[in-house]
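Two complexes, one shared chain (chain A), two partners (chain B, chain C).
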Partner chain A sequence: MKRLSVPVLLLVLFAVLMGLAWFEVIDVYLQTILLFMGINVIISSSLNLVNGNMGEFSCGHAGFIAVGAYVSSVLSVALFTKSRVFGAPLLPPEWAAFGFPVILIIGGLAAALTGLLVAIPSFRTRDDYLAIITIAANYIIITTIINIDKIGGARGFMGMRRVIFAMEDFAGIPWMILWVFIFMVLTLVIIRRYMSSTYGKGVEAIRQDEVAAEIMSVNTNRVKLITFMLSSGLAGIAGGLYAHAVGYVNPKSFDLLKSTEALVMVYLGGMGSLTGSILSAVLFTLLLELLRPLQIIKWVAIPLLLIIIMQFRPEGIMGHRELSDIFPKLKKFYKFK
Partner chain B sequence: MNLLEIKDLTQLFSGICAVSELNLEIGHRQLVGLIGPNGAGKTTVFNLVSGFYKPTRGEIIFEGRNLAGLKPHQVSALGITRTFQNIRLWKEMSVLDNILVAQHFQLGYGLGNLFFRTSRYLERESEMRCQALELLEIFKIREYADETPGNLPYGMQRKVEIVRALSSGPKLLLLDEPAAGLQSADVNELIELIKWIFEQFDISIWMIEHQMKVVMTLCSHISVIDFGRLIAQGTPDEIQNNHEVIKAYLGDDNV
Partner chain C sequence: MDTLFQNLLNALQWGSFYSLIALGYTLVYGVLRLINFAHGDIVMVGAYIAFFIASALLGVYGGIPALPGWVVLALTIPITMVLTSVVGVTLERIAYRPLRRKGANRLYVVITALMAGLILENGNLLLLGASRKKFPELIDKVVYQFGPVSVTNLKIGVILTSILSFVILHMIITRTKAGMAMRAISYDKFAVPLMGIPIDQIIVFTFILGSSMAGLAGILFALSYPILDPYMGISIGWKAFIAAVVGGIGDIRGAFAGGFILGITEIMVVAFFPSSYRDLISFTILLLILTVKPTGLFGMPKTTKI
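Up next, the complex of A and B:
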């Protein structure tokens, strides 16, 4: 019962969401919001790995999201659709349904590799200096994309809709809800497993006292490298999902504002808390939608919210605690590892 | 062959000579001390041995192997661990986790095992957990396993830090001022603890200490450094009557 409760709950949630979308109980707009929620869960939990658990201050998360978005978009458009840039599809379009997760993972791997841009400098610097490096990395990535004309440059890149259509030709189910859900759960499982292992506790050790960690046999450089790459890799997968959910990517949508969004989610939810990451991603997505009528003024409201949180609850909603820490009795009913 | 041999060890910090041509030897199963006035370079010596600094010149040979160029985590994997002057436990982690993280050099599983929760991973994790709990039991601090070190009294934190350093089964344990900040009752307890560790474990202990009571009761052999230079070594009795040592601590006697 304890072992099964989480998988069963997830399956039920999955079935409900798929059902609602399939029978068009919820319209495309609501579906998109659900997709964004899932994607934001991946973004906030992956950034939390670096900012919350490892205690580094990365403010260039959007750069890695961009790499994942572009790599997977270009691959899926080139492989499965007829496009002006890449010509005829290289593979039969109906393969898209199976090829898509592979492409997402390739996008994630590419983002993980770009994570090296931040991981290697982190061996020698931390705190403010590393924060500056992460901003620089964000700009390097965006500027590189803008300067590659083949993938649209500053105009952006589109055609991902046709990949979804190709999948829908294969089977008429709400594919994006399926993939976002699967990859969101996968992300949470990966992070949970990583952080609950003795290896992952080395990440916490680095945050609390890096010198002691190194002296007590933690290979801090290696742990940092892997954690940064894991975080940016997952961000890349979120990017791939985002690009396909929206159907269009533009380098400008991955600038510092996007990185700030990710930061707001992490600090809203609570540093180093997976429950907090999920909670804040859901709340934040809803908030963004509710404040949409305010248009650009929402970027006054949201930072204001951040200031208020930092004033009255600097540790965020959860603050280094998980659901089971707040309600210990729940431990009897579920086990998530 | 000695356990640790330090040969002509020199450390310069932008021209300032922190350690100068130091020669020292530590044998197997020895409990030895390193003393000297403030700023003499004692902690620098420990930082050099534990791989935290790369020596400007000289060699540190541990079990016939030169440690120069090794990172601290590699040095500790070879069997030298240490404690710190100001306790450096991970304060927000449970005592048990503090011990577990110190096993990083012998995890015995890779990331693949970790993410797929293979039987190898689960086996190793529970093995390490059992060993850590056993060690806490031996030191009678098992009841604190789930406590965070920040909630423990200072003397207990010291003990936990020493247990953490011992948990990886080192051959040489470096204690950097273990009695610093302890009350006199705790100091006596610490002396008993170190004595007990030395009897129970197959280990050499090298300690820096300012409280003469601790050094003189525990150590069989003491080295004294001043301005990074070895000025005397010998048994506690010899050191106590050594003219150079008295001069270093109290100044020239004709002042």
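Up next, the complex of A and C:
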């Protein structure tokens, strides 16, 4: 029974959220915040895989989010809606409800392939040189998107709302909350499974000492390749969800500022701590929304707050520990390793 | 051919900015192994400080006639460099040193630097408002014609200043005791305090050097492109960091060369392709350089012990 407690808890949470959204107890604004929380959890936990667990310093995560966002929104708009750019829908719009997750996964795969842009140079280059490659990759992705005029270029791309409407015509349930929740849980399960597998041990070994790991027969290139692709693929899924939750994407919204946000979430939570990155993603999203009335002061207050937090807890909130390390009784319900 | 020379001159000017900023990055990195991501914003702060000082000096007070432009410029440059280095050192004392003392992972210091940069940008926006500032014209523009190629005195000044400051920095690092201490810290951080070298003073000295270079870059940038806004430091800062790494971070020759390589690539791309391809092509070239030489142009591969 105890083994099932986490799935049951998740199911209850899911049912409550869906119910609240269905009976419109929480308005659209609150729903959007919840969506962003879920998306940010995916972003921070996927970046944590590279920056926290593997110990590399990747600061171009937003590039992969952009690839996922664009690929999935172009596909869903072309397939399920009538648009000026792509003409009549290629598939019946009712299929959107089932086609949407497939499209998200395709977006994730595209982002994972773009991850090769970083993964292959990472075989030879180390720490700060790799950081530069990720920044350059972010720039390259953004400028490539700006130069493709078909998908709007610098003007951005829209029309994803109509995909959501098409899904709601099929059945009137809060679809975005459904998909964000499912993909968030899926991401966390994948990352947890990955980190407790043999590859995960390899990732930990690379963080501690790459040369020693290689001598101890860890195939470092293979582990790096898989980890980078997994991380960027999950970021791509988060991008697809983000694009459909907002209904509009612009290359400018995936620049280095977005990457900085992702970095902040990872290091605020604590490097290599999965529960830490969940916690910090939720807290960070809440903080952004709570301080919204301050307008421009917000962007001074939040960095200041983070600097102060760093001064008092220089290892992040959790600091390379999981929740179950701090409260050992939780281990009965939720075994991490 | 003429356009090539003309573009090359423009590229040298553009590269000078990158070089000056990259020098600041690489100095701090060489000593502390810290990517000081706030550096681009320190350049912005330098430009704003220069703007206020130049405007204050140009004003007419009482019966005293206004100072001529070149005197104002000659006064603005040192004052700005001093004030900008005060900003840099303050940042080091408030944000970086406590973290270093606590022995935090160096990536947390990097995040703190990113946050400090955001505070500088948005604090500026908050204090001064969103209106852009027009930098006053301090020296009269003189255009020299060499056949079909034309050069302004400002352009020559910028290029010469950057070369001169590189030479001076190189002298400081290779010839003086402080420079020797800086090299020693980057060689072995743990043995240096045992030799009686005051490590904190040397770090403050490094920040003074780096931030005054940033201040200088800020003035020159404001003179060449006289519109100031709070976000002007972001993209030039990131790109200068990339230039420093391509040159081989931690080595000032590398930073200097890397800045010019990035500047020349960017201007040449804009000269022959649509300008929206600038970042795409120049960063692809830089990626290729890093793929061929993973430690940058001047960087030495290090042997690590296990």
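As a working rule, the second predicted complex is superposed on the first by the 332 of 337 C-alpha atoms of A that agree within 3 Å, B and C clash if a C-alpha of one lies under 4 Å from a C-alpha of the other, contacts with A are read in each partner's own complex, and residues count from 1 in each chain.
Criterion: contacts are C-beta pairs under 8 Å (C-beta built on N, C-alpha and C of every residue); 3 or more make two chains touch, one makes a residue touch a chain.
Keep in mind it's a predicted model, so treat the numbers as computed, not measured.
Applying the stated contact rule after C-alpha superposition, one finds that A:304 touches chain C and leaves chain B untouched. In the superposed model, A:192 lies in contact with neither chain B nor chain C. The larger set of touched chain A residues comes from C, when the choice is between chain B and chain C.
When both complexes are overlaid on chain A, the residue A:315 reaches chain C alone and has no touch with chain B.
Of the two partner chains, chain B and chain C are each touched by A:211. In the superposed model, A:256 makes contact with chain C only, not with chain B.
Contacts of A:131 after superposition on the shared chain: chain C is touched, whereas chain B is not.
Residues common to the contacts of chain A with chain B and with chain C across the two structures: 209, 211-212, 215. Those residues of chain B whose C-beta lies close enough to touch chain A in the complex are 50, 52, 71-73, 76-77, 81-82, 84, 88-93, 97, 100-105, 107, 109, 111, 114-115, 117, 121, 125, 128, 164-165, 168.
Against chain C, in their complex, chain A makes its touches with residues 51, 57, 121, 124-126, 128-129, 131-133, 135-137, 139-140, 142-144, 146-147, 154, 209, 211-212, 215, 256, 260, 263-264, 267, 271, 296-297, 299-300, 302-304, 306-307, 310-311, 314-316. Taken together, the chain C residues at the contact with chain A in this complex read 29, 35, 95, 98-99, 102-105, 107-108, 110-112, 114-116, 118-119, 121-123, 125-126, 234, 238, 241-242, 245-246, 249, 274, 276-280, 283-284, 286-287, 290-291, 294-296, 304, 306. Chain A makes touch with chain B in their complex at residues 190, 193-194, 197-202, 204-205, 208-209, 211-221, 226, 320, 337.
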